[in-house]
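Sharing a structure, written as structure tokens. Questions coming.
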Amino acid sequence: MTNSIYTSFRRKVYVIIYQTDTKAGRLFDLILLGLILFSVFLVMMETVSGFNLKYHSYLITLEWIITILFTIEYALRIFSIKRPIRYIFSFYGIIDLLAILPMYVSLFLVGTNILTVIRALRLLRLFKILNNPQFNTQSIKLKKALIASRNKIVIFIYFVLISTILIGSIMYLIEGKESGFTSIPVSIYWTIVTLTTVGYGDISPQTPLGQFMASLVMILGYGIIAVPTGIVTAEIARHNYENNDTVYQNPCPDCGNEEYPKDANFCPKCGHALDNK
Amino acid sequence: MTNSIYTSFRRKVYVIIYQTDTKAGRLFDLILLGLILFSVFLVMMETVSGFNLKYHSYLITLEWIITILFTIEYALRIFSIKRPIRYIFSFYGIIDLLAILPMYVSLFLVGTNILTVIRALRLLRLFKILNNPQFNTQSIKLKKALIASRNKIVIFIYFVLISTILIGSIMYLIEGKESGFTSIPVSIYWTIVTLTTVGYGDISPQTPLGQFMASLVMILGYGIIAVPTGIVTAEIARHNYENNDTVYQNPCPDCGNEEYPKDANFCPKCGHALDNK
Amino acid sequence: MTNSIYTSFRRKVYVIIYQTDTKAGRLFDLILLGLILFSVFLVMMETVSGFNLKYHSYLITLEWIITILFTIEYALRIFSIKRPIRYIFSFYGIIDLLAILPMYVSLFLVGTNILTVIRALRLLRLFKILNNPQFNTQSIKLKKALIASRNKIVIFIYFVLISTILIGSIMYLIEGKESGFTSIPVSIYWTIVTLTTVGYGDISPQTPLGQFMASLVMILGYGIIAVPTGIVTAEIARHNYENNDTVYQNPCPDCGNEEYPKDANFCPKCGHALDNK
Amino acid sequence: MTNSIYTSFRRKVYVIIYQTDTKAGRLFDLILLGLILFSVFLVMMETVSGFNLKYHSYLITLEWIITILFTIEYALRIFSIKRPIRYIFSFYGIIDLLAILPMYVSLFLVGTNILTVIRALRLLRLFKILNNPQFNTQSIKLKKALIASRNKIVIFIYFVLISTILIGSIMYLIEGKESGFTSIPVSIYWTIVTLTTVGYGDISPQTPLGQFMASLVMILGYGIIAVPTGIVTAEIARHNYENNDTVYQNPCPDCGNEEYPKDANFCPKCGHALDNK
């Protein structure tokens, strides 16, 4: 009997925390998102020295309150899911833990509370909260296009890195130590700054030959920026025309899997029955 | 009888102000565009201190003349259209009001006349003046492609912002306060400057580790610039092949609606008869 | 009889100067191209003060020699073509004149000889010299794609310019005169530097609000760089699949027209017989 | 008999050095890649003055050890292949030689050991080591797309260079020597920095007219960055849909050719039998 109450309570907690299509579940998610945003804002403001000097104690107090709330949430997540181990070692489970750890560690190691900015990763939960089929479909298409272009992009970056080493070395030999090209690693840093068209100007060639070489590097960079763009565009164009019925849905209560066909009755990963109606 | 004269006058004003295919209407629009351009130029020059010192009184006088002309135009627009409320709260109605307000407000609040630059938005009327079917079709296609890629772009920017917070925090921890990374918000500003390949160089990493991290961020930025480009390109390519018969035309005299098929006899929004010949 | 010698000489000059498929014509073109390149190099070096101080008289002498050669060439071009007026007012005819004028003007107006860099435009003749069907076809396809995307690009730039005025004004109001945003025109210059991701850093926001606004502008610029790319890519992709048989060929001896089908016997512009074999 | 032992030894060496699908061959390649990376790292660190002062003798000793290992490898490569001349004058053969030469030359010419960074080019061997059909197919597709867009890109860069000369000259005339535009070559350098959206800011226009011109250049650069992107994207999209069965495989033992159909029994280049099973 108590067991039944316990089960029913656990079930209720599960619905509120993990599901997004009940009123309570949606409200919980919105509050959670607001807390995450507020918490990230607090950590950021703590590093602004003028602001921190004035409000340090308030900031710390608020951060502790949020940390404790997140700790309770983390405990309830483990408590309410059927297979807690799966959650703990899942992507979101690890992030949820990393979001509370730095504050506790900061009790022993001063300054580590800055690491709570890792909470920003929890903002990825937004996609579960929205649970907008339109958004999810687009999101999955984008993901697929990027995965499909991964191999080409890796090859491209490998070539770019080799070029970067060679160009950096040549610029080091041409410019010498006077113009800021103090070593090959620094020259490679300059090459990346130039090839990617970022161009800080903290290091820039001073000799005519160096400027000529730099011009070649820029035109090269201008040309090769076309390559990743071309790769990704071609993939997105291809995936745009494909239909895609897989959308994010309520996670499987057993294993947390979220990718299954809309009308599935059993989870394709673990076979658990889905209350997907 | 007077009523008839009044109606005929109102009709004439309507044709001149709102329509673009009569000689008078076209001339009115061109003069209006010239005045808007001249007015924007005046406000801009007022902020150039050398120029303003010399010609301040002339600038102010000319701005007032244009403001009064725009006020008369605004009154006539309200007077001549059948449903003035619709115009007043339409996009262009609000801009037309905002274009004259700051000068009047500047009588009480010194300095607000700078806000008259908002008149620049009135330049969007150019598209009505051109009323070139070729231009309008292209314009609508472009709009449709951008709207179609909106969802993907929003997802992309959301991911970029989360990355920005994390990268900014890491760079703050690596570089410390000496190199200009004085707080996490400033570090996030630097990250955006770098990821978007703008690269001012007002803040740039000084430590070897910071430069290594910055290189990674640049290569990342180089890669992800491909994503919005790919999204938009794929959509434009798709819409390029579609035919599109809807073009901007004379606005409906009743509700101001401008999007209806070329051979429509009645406005599809309010059902009013169109003199669309 | 002399008339016949005259005609035959004129014909020979015509073949050497205007045609590219005889040995003499090709040699003439290559020497011409070399002279143009050398001449542009001379003008450039004249502005390098260290170099100019040492070799000023040599530079001027060489420039005069090339100018006289170009003048003779210009005279022969007029002499040998059937309708000299057409050549004189054609694109290349005007450039050929502008390439020699500055040196003569510099006799009366000191310093105008720098304008001879306009000779760089004569380098466009390379395409006639190559007369490579592969190159020409690609060139025409590229031209067609760019012309087809012209309307969309113009609309896009118009929107960008209006945004630029508004953003520039907002940044002027936020940053004030201390950070380099001394006037609205300067702010607009900064906005263009930022939106196009050039980012010199000669002017950069100093206030937190200004840096926040600048971040938005950068993300906007990052997004809208996708638009022209998308437009051009879609057009190039479309034209890539089209076949195109029109290639640059020997110009019509009568009107100089170069665009006609490969097997044409008469110029489609003026009807003159073509020795197109 | 000894000949047979010699042949069998030579064969074994061949398999280890040139082939990648035996365990020994794969291990050899991995160790080689590690040594190359380590060697490049050593040369880079030698230029970091703080590091070099401390560990100079260690760095030089390690570089010599690697150089001797590479020399042995180079000798074995020549020894084990059937037609050594082909290998010596092949792309990889030349790189392998250039990777060891600078250290020996540095015995006579101080400082040339920096040139050993050319070893970075040996990293291209990674593709042979991976020998992943997925990677190779992608790699070949990318190569084909880039080759197909070569002509258009060359035309584009030629136009950009002519524009660069003209814009550079105009900016030199407008800005004069005060703002850093000290000569036309320097102005051209600035133009390339701006057109490619790199924007160091080491040279930036100071006069209103110069800033106006610079704005035009930036918008132009913003527009034309679309052209190479468009060209490459269109080609990649086209090649994406093509099937491609040619993949890199074990090199022909006779001529080293690596591009032949998967099921070929004889090398299509030299006709030698392939043990391609």
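By letter and in written order, the chains are A, B, C and D; residue numbering begins at 1 in each of them.
By definition in this document, a contact is a pair of C-beta atoms (placed from the backbone, for glycine too) under 8 Å apart; a residue touches a chain by one contact, two chains touch by 3 or more.
The chain list, named the UniProt way, goes like this: A, B, C, D = Ion transporter.
Here the structure is a predicted model, which is why all the values come from computation and not from measurement.
K.L.:
Given the pairs A-C, C-D or B-D, which one repeats the contacts seen at A-D for over half of the pairs?
P.N.:
That would be C-D, since it shares over half of the contact pairs of A-D.
K.L.:
Farthest chain from subunit C (Ion transporter), going by the mean of C-alpha atoms per chain?
P.N.:
The chain lying farthest from subunit C (Ion transporter) is A.
K.L.:
Indicate whether more than half of the residue numbers at the subunit B (Ion transporter)-subunit C (Ion transporter) interface occur in both copies; give same if so and different if not.
P.N.:
Comparing the two copies, subunit B (Ion transporter) and subunit C (Ion transporter) contact each other through largely different residue numbers, since under half are shared.
K.L.:
Could you please state the distance in Å, as a whole number, between where the Cα atoms of subunit B (Ion transporter) are centred and where those of subunit C (Ion transporter) are centred?
P.N.:
Centre-to-centre distance between subunit B (Ion transporter) and subunit C (Ion transporter): 33 Å.
K.L.:
Where the centres are mean C-alpha positions, what is the separation of subunit B (Ion transporter) from subunit D (Ion transporter), in Å?
P.N.:
About 46 Å separates the centre of subunit B (Ion transporter) from that of subunit D (Ion transporter).
K.L.:
Please list all residues of subunit D (Ion transporter) that touch 2 or more other chains.
P.N.:
185, 188, 197-201, 225, 229, 231, 233-235, 237
K.L.:
Which of line, ring, star, complete or other matches the graph of chains that touch?
P.N.:
complete
K.L.:
For a test of understanding, state which residues of subunit A (Ion transporter) touch subunit D (Ion transporter) in their complex under the given definition.
P.N.:
Subunit A (Ion transporter) reaches subunit D (Ion transporter) through residues 151-152, 154-156, 158, 162, 165-166, 169, 172-173, 182-185, 188, 194, 197-201, 204, 208, 211-212, 214-215, 218-219, 221-223, 225-227, 229-231, 233-235, 237-238.
K.L.:
Name, in rising order, each residue of subunit C (Ion transporter) that touches subunit A (Ion transporter) in their complex.
P.N.:
197-201, 229, 233
K.L.:
Within the complex, which stretch of subunit D (Ion transporter) touches subunit A (Ion transporter)?
P.N.:
On the subunit D (Ion transporter) side, the touching residues are 40, 43-45, 47-49, 114, 117-118, 120-121, 123-124, 126, 134-135, 138-139, 141-142, 145-146, 153, 157, 160, 185-186, 188-189, 192-193, 195-202, 225, 228-229, 231-237, 240.
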